[in-house]
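In structure tokens below, several structures.
Note that chain A is present in both complexes that follow, paired respectively with chain B and with chain C.
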Partner chain A sequence: MRKKAYRPDVDVPEWKGRYVPYDIIKEGTIALVVVAILTVALAVVFSSPDEKAITIKTWSNADPIDFAKTAVSELDGTSGVAHYGAPYNHGGPAQGLGFLSPEKWVGVRIAINTATDFVLNPLEAQPTQPALHAALTQWASASSTTQSSWTSAYASADAKMTFTGDHVNVPTHAAGPVPVLINDLTMMARSGALDQALVTQNGFYTTNYTKPLLFLSDGTYLAGLANKQHLGGDQWGMMNETGSWPGQAWLWLYTFWYQVSPYNSSKSGDFMVFGTMMVLTALLVAVPFIPGLRSVPRRIKIYRLIWREHYRESED
Partner chain B sequence: MSTDIDRQWTSRLRRSVVAKLPPDKLLPDTQPAYVASWIYVFGVTTMAALGVVIATGCILALDGPQWWHSSSLGHFVNSLHLWSVEIFFFAMVIHLWGKFAMAAWRGGRSLTWVTGAITFMVSILTAFTGYVSQTNFDSQWIATQAKDGINSTGGGAFFNVLNLGQMLMWHIVLLPIGAVLLTVLHVVMVRVKGVVPPIVETVELSA
Partner chain C sequence: MAQGWGLGALINLNHYGHYLQWHVFSISVANLLVIIVMIATFVAALVAPFPGRRNRKGPQ
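What follows is the complex of A and B.
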């Protein structure tokens, strides 16, 4: 019978050399004690970061104009979330490559209507206020064309927006009820009531912060704070942490792609990065089965360093 | 002639387990002389760090997801959790590349490599869900950024990183179960097959 050829990257000869004493339980115990001591030492010396969460109340008090401008974009459907697309709405194009577009295939499953969810529903939940009630009624009874003309008039004047005397001021008289809606939403946000209104839309008990987080992400306040903490996407932020603590350093390759073209310029950059990482991950998992790739260790010879005593003994 | 007891599922399972993993393989008191390098330390270090990660996570879980913000003891336990995670990944990455350099999949150990690589991926996902469950600024920012990557795959519709409750459940229940089961499977495979021998350079052998 023909003998099968020996494949150095697949096969191993049976070990016929000597064995040495080995106490696996002692080894494990020592490792656990050393790691526990090292962990305590690092925790005592370096502690850990805990930058307080920002709220819509924080945001609207720190930068009421950014909040008010974001609120207008939610109302007129020009915000990032309003134009996001799946899984939130049909507002924007899905990411994909060629015919591959799983985002589009899955469709809308976490429905978000920015005007209704972020502006109108919270305002309607407010205690009866005649001016607000009138503004909401005027908005609801207007055609979509009229609504658009109001928000356009407001948005075109919002470069001159000011916030004085606890009031959002925009120099326009063609915006219908929009100034009242935006001003009242800003006041609601500054009181903290909007934070509650956005989460309690899911019921009394809730652990779902999708709506307030999406609203926050549409403004410039959250991103501004993050960039100051070097957490931006173009700052290798995925592997960074607030302050000077180490973050998810193991994501270095994932965030690397966001720094280079075409990933950082394509509208489907996220999908391309994910696809690239999935291919690389599959290669890593399947190394033992890929000729050429599984020969790399034998070629680079780092194993000679690891088993140097074995090879020294063999050569002697 | 086999008896009724021999044919029991329990008896068959016991025989199979003992045949594949006899006590002297499961808890060996000797090992081949070639297992003599610092690189071997990182496998057991990874396991030890996993133990500390789980222990500190369990303490954090005692009083809910937010107590550590307002308690100095809680903050310290959070620090222990963070640093044990950093040690875990540090050791795991060195272990992974060390095993790559040794071509540790040789001799019927392919699945040992595969389970190890998958455990690494599951660990990354577990850590990620921990980061978005911190209930602080960091988690807000990471969640709002990560949603774009996950949504682009279609996965965001089912794995909503902005849903704290869902992320926390994945972080403290589902993914740790997966990571621990994979680790156990990986270690059992290592014990069954033993530590991979050195690469043969000069001798022509037949397998």
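What follows is the complex of A and C.
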């Protein structure tokens, strides 16, 4: 029978030396106790991040003008969410690369019409108020062209928007019912009622915060807070934490791609980063099968440093 | 900051962090310290002798 050639990267020679006992239970117990002590000690010394949740109520009280401007963009369909595309709507191009476009394949799974879901439905759920009811009726009975002219008039004057005495003021008389709608939505938001109206009830527990989070993401308030904490996508934010605590340093490679071209300028940046990381992950999994790469541990000889006493004795 | 049983952290980290920037690279000082500690632990694991090594004879 022909003897198979020895391949140093994949073949393991049979161990012919003696064996020594090894207590894995003892080592595991020691590791568990050490880690538990370290965990408690570090928690006592440094505590942990516990940022208060940011809600629409927080936002509209801290920056009512930013909220009102965002609400208009939701009403006229010019916001980021309105133009996002799948899975929320058909408002924008899906991310993809060539024929690969998972967002298109999955389609609209969480249908969101920003005007209806973020503005009109919550206002309609308010207790009857004559002025608001009249404004909603006027909006509903107008053509889409008229609605656009109202929101355009409001948006073009919103640079001069002020907030005084619990009222949003915009110097325009051509915006139809929009000033009433936006003012009432702002008041609703400041009271906390809009948060409740946007949370989707999926049963006893209310855990679906998709709509309030999307609404928040369209404004500049949340992004401003995130940027102050270096949590922005272009600030390596994925590996950072609030405050001065260490973050997720192991995500360095994921967030690295978002800092360089073409990932940071492409509209399909997320998909390209995902694809790149999947290719690199496949390469990592396949290391034992890649000639050259699989030889790196054998060639750099760190194992000889770990088992130096064994090799010293063998050489003696 | 979490303050269970009315206790605060001995070292307050609840303030904006410090960041180091070099070209497109940016890292928080906290993350850098953790990475340095991890590398130091790795090097220590390589060069430190196995506990109890002197008391028994290893594989031959």
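Everything that follows uses one rule, which is that the second predicted complex is superposed on the first by the 310 of 316 C-alpha atoms of A that agree within 3 Å, B and C clash if a C-alpha of one lies under 4 Å from a C-alpha of the other, contacts with A are read in each partner's own complex, and residues count from 1 in each chain.
FYI, a residue touches a chain if its C-beta (ideal position, glycine included) is under 8 Å from a C-beta of that chain, and two chains touch if they have at least 3 such contacts.
In this text the structure is predicted, and so the values were computed from the model without any measurement.
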Once the structures are superposed on A, label A:V287 by its partner contacts, choosing first (chain B), second (chain C), both or neither.
first
Figure out whether A:Q235 sits in contact with chain B (first) or chain C (second), or with both, or with neither.
second
Thinking of the overlay built on chain A, is A:S244 touched by chain B (first), by chain C (second), by both, or by neither?
second
Look at A:Q259 in the shared chain and tell me whether it touches chain B only, chain C only, both, or neither; answer first, second, both or neither.
second
Return first, second, both or neither, reflecting whether A:F274 touches chain B, chain C, both chains, or no partner chain.
first
Where does A:A140 make contact in the superposed view: on chain B (first), on chain C (second), on both, or on neither?
neither
Contacts of A:E103 with chain B and chain C, given as first, second, both or neither:
first
Could you tell me if A:A111 is touching chain B, chain C, both of them or neither one (first, second, both, neither)?
neither
Applying the touch criterion given at the start, work out whether A:S48 contacts chain B, chain C, both or neither, answering first, second, both or neither.
both
Under the stated touch criterion, name the partner, chain B or chain C, that contacts more residues in chain A.
B
Dual-contact residues of chain A (chain B, chain C) 15, 17-20, 44, 46-50, 241, 245-246, 249, 302, 306, 309-310, 313
Would you pull the chain A residues touching chain B in the complex into a rising list?
3-13, 15, 17-25, 27-28, 31-32, 34-36, 38-40, 42-44, 46-54, 84, 86-87, 95, 102-103, 105-107, 109-110, 206-210, 213-214, 216-217, 222, 225-226, 231, 233, 237-238, 241-242, 245-246, 248-251, 268, 270-271, 273-274, 281, 284-289, 294, 296-298, 300, 302-303, 306-311, 313
Note which residues of chain A are touching chain C in the complex, please.
15, 17-20, 44-50, 228-230, 235-236, 239-241, 243-247, 249, 259-260, 302, 305-306, 309-310, 313
So in the complex, the part of chain C that touches chain A is made up of which residues?
1-3, 7-11, 13-19, 24-31, 33-35, 46-47, 53, 56-60
Okay, in this complex, where on chain B does chain A touch?
27-37, 39, 41, 44-45, 47-49, 51-52, 56, 68-69, 75-76, 78-84, 86-87, 89, 93, 98, 100-103, 105-107, 109-110, 113-114, 117-118, 121, 124, 127-128, 131, 134-141, 143-145, 148-149, 151-158, 160, 162-166, 168, 194, 196-201, 203-207
